[in-house]
Every structure is written in C-alpha cells, then in structure tokens.
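Here is the structure we will look at.
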Amino acid sequence: MSLSARNRLSGTVHSVETDGLMAEVVIELDGGQVVTAVITAGSVERLGVEEGKELDAVIKATEVMVEVD
Amino acid sequence: MSLSARNRLSGTVHSVETDGLMAEVVIELDGGQVVTAVITAGSVERLGVEEGKELDAVIKATEVMVEVD
Amino acid sequence: MSLSARNRLSGTVHSVETDGLMAEVVIELDGGQVVTAVITAGSVERLGVEEGKELDAVIKATEVMVEVD
Amino acid sequence: MSLSARNRLSGTVHSVETDGLMAEVVIELDGGQVVTAVITAGSVERLGVEEGKELDAVIKATEVMVEVD
Amino acid sequence: MSLSARNRLSGTVHSVETDGLMAEVVIELDGGQVVTAVITAGSVERLGVEEGKELDAVIKATEVMVEVD
Amino acid sequence: MSLSARNRLSGTVHSVETDGLMAEVVIELDGGQVVTAVITAGSVERLGVEEGKELDAVIKATEVMVEVD
C-alpha cells in the first residue's frame, strides 16, 4: 500500500496514554528526536500500539509548519 | 514564545521548491530522517527559508497518524 | 500496513488536474458520491494516480466535520 | 450558506459516542461506505447529532489523502 | 445549515490571489485583525470570493493552536 | 521565533475546560470575536493557559475555510 502523505518517520513507541476516546502516543524516532501523536483510542487498540512497538509516524506535508529563529 | 503544537523537529533545509502560491520544503532532520513541508511561498519568503538553513519542523499532535506493519 | 486514520473510502479516479506543486484528484466513490483530494503533484506521480485508477480516499477522523440542516 | 470545503458526503448517523470533550460519530454514507468523525461533544449537542439523523460529512480537500495498492 | 466547526469569524475580503489550483484569500475580520485562508481556486470561483465581499472564516477547533509569550 | 503559520490572532483566554487528554480553550479576540481551540491538556499545563491570560490563536492558512451567504 502507498499513501500520498509524504512524511513517514520510523520510530519506537515510548509511551501510550489513553483516556476516553483519545490517546496520546509518544514515539522515539530513529535518530533520537521525539514525536507525539494524538489519535483515537480505537486506533490504538485496532493497531496494537504499545510501548516498545516499532511503527511509523505519518504526516501529510500540508500539515507541517516550519519555524526559524 | 511557546506554541501548543507539541512536535518540534530540528533539522536543516535540504531543498526549497516554490511554484505559484505554494512551496515544498524538504528538511533533513537531525538524526537522519527527512520531512517535507508544504507551506505558502509567502512564508518561505517571510522566514528566509533556503537551502542549508537550520529550522524546526512544527506539527500539531492531532495531525500525526501512526502506521504499523 | 495499517494506518491509524480511520476513514478509507474506496473509489475510482474520475480526473486529475496538476498545476505546479499541487494536484486536484476527483474520486468517484463506490456507492456514487464524489470526493476531491488536494495532494502534492509529487504524490500523484509517485503513486501513479490517473483517471480510471482504483484507490482509497484516506481521511483522519479529526479532519471530518458534520453539517446538519 | 456555501462553504469552501469541497467534500460533502450525505449519510445517516449510525452511532455517537461521547466521552469528555470529544465525540466519535460514525456515519453510514448514502451508497454504503462508512465515515467516522471526531468532533467536540459541544458540537454534537449544539447540532443535535444522534443515531438515525441525516447529515453531511464535510471535509476540506487538503485533508484528503489517497492510497493505492 | 449548521456545521460542527466551532469557529466562525466574520469579515470582509481584503484581497484574493489565485495561482494555478490554489488561492490565497486575505480577510479583514470585524474588529480589525486579519486572517489568511488558502483554499482551492475552484472554491474561490464557486463561492464568488472577491475583494469587498463579506464572508466568514471557518476553522475547526482542533486546527487552532495557541501561543504564549 | 517566526512560524510559517500565517494567522496569529491576539486575544485573552475566556475559559479553559480540561477533560482527560484534551482541553477546550475559548479565546476572546481583540476586536470582539471569539475563537475556540481544542489542544492537549498537556499543552494547557505546559503553557500555563488560564482564564485572563493574553495569548495568540495560531492557525495554518490551509486550515482556514471560507463561507458565504
């Protein structure tokens, strides 16, 4: 399967916090930076997202902003 | 200044392609992965985004998806 | 591969219009409704999106609004 | 009223689950496919969204991705 | 028609710049602040968006970030 | 710091409601209109968002829709 979303950052789940409908997944990216995803608790369950799992953070290019000093 | 968007990934601009109103900025993240941002050409100009510039890719947590094998 | 984005609508490409960095893809969904996606021209090329191709429109649940009369 | 968001998919509410600030609305589209929206619980109340209600799922074209086999 | 998107900011179109598929609409909000929308050129045409037109800027609450000093 | 997101609307926090992972922040904009942001409860805490605090609502231009009568 190939998705139009351009950004695919590989990493490992550091932590998952689920509360009601939503869940916060903190991902340690390969290379050391950290990304937090807020997805539905249903997706966490459906995909078996848990601490230590290897996965990709996927982000549509139009959702990425840039910030300069 | 502190922004509520949780994700701030530091990197260096690999390339900038501007065409009409939009611009595609490819960023080599510290740690080796790559992120592409589609922002307005006006923002590229306003922020002086160019090849070699150090900046952060900023992403709201609700815009990050996860994908598992 | 399984993605956290909940919405996967199967359909067939009705038309593709590319202009500069962006592209507009009109998709006839199975069942008869129509969805328009604006993605990067690079993704159209990478995925071989063209008229008549069968594909899925993928949408994160937090990006869907509802409207009532 | 006319909105710039291009995508308007008509359907009927299959289920609504509200928990805290957020709500998950599952919509059976005319034509048989299913879309899930995550909106605020306040919007569910304000719009009277409930099982069996006819409504439109509204999505900005830049939020739609495509996926191919 | 009532939309789940919570934010509706009334204003007047200051300028419209269309280029290829996309368009940049600058809106002077009632009360003096300014908002820029990037929508499709097709929507500008469909809605008759032009300088001086009164309209609302509509934004889903999950798309709004906050920034503090 | 300069961010590519074009829209920066100054205002004062009217109310904050936190429930589980998410929080709803209602902001009275300078000039009298109102904007609601849904951000993570973690961000509310990190940024010290509370009633009466002056802050900016920040919105990427591609997330702004327009609606006409």
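Labels for the chains are A, B, C, D, E and F, by order of writing; each one numbers its residues from 1.
Heads up, the rule we're going with is that contacts are C-beta pairs under 8 Å (C-beta built on N, C-alpha and C of every residue); 3 or more make two chains touch, one makes a residue touch a chain.
Here the structure is a predicted model, which is why all the values come from computation and not from measurement.
Participant: Using the touch definition from the top, how many steps at minimum link chain D to chain F?
Facilitator: Between chain D and chain F, the shortest chain-hopping route counts 1.
Participant: Based on the averaged CA atom positions, which chain is farthest from chain A?
Facilitator: The chain lying farthest from chain A is E.
Participant: At what distance in angstrom does the C-alpha mean of chain C lie from that of chain B?
Facilitator: One centre to the other, that is 23 Å.
Participant: Where the CA atoms of chain D average out and where those of chain E average out, how many Å apart are those spots?
Facilitator: 22
Participant: By residue number and range, which residues of chain C touch two or more other chains?
Facilitator: 1-6, 19-20, 22, 24, 36-40, 42-43, 47, 49, 58, 60-63, 65-69
Participant: Building nodes from the protein chains and edges from chain pairs that touch, which of line, ring, star, complete or other describes the result?
Facilitator: Topology of touching chains reads as other, fitting no named class.
Participant: With touch defined as at the top, which chains are paired up in contact here?
Facilitator: Once each pair is checked, the touching ones are A-B, A-C, A-D, A-F, B-C, B-E, B-F, C-D, C-E, D-E, D-F, E-F.
Participant: In the complex, go through chain C and note every residue touching chain E.
Facilitator: Per the stated touch rule, the residues are 17, 19-20, 22-24, 36, 38, 62-63, 65-69.
Participant: Note which residues of chain E are touching chain F in the complex, please.
Facilitator: Listed in rising order, the residues of chain E that touch chain F are 3, 5-10, 24-25, 27, 29-33, 35-39, 43, 47-49, 53-69.
Participant: For a test of understanding, state which residues of chain E touch chain D in their complex under the given definition.
Facilitator: The touching residues are 1-6, 37-40, 42-44, 46-47, 49, 58, 61-62.
Participant: Which residues, counting only chain E, touch chain C once they are in their complex?
Facilitator: So the residues of chain E in touch with chain C come to 1-5, 19-22, 40, 42, 60, 62.
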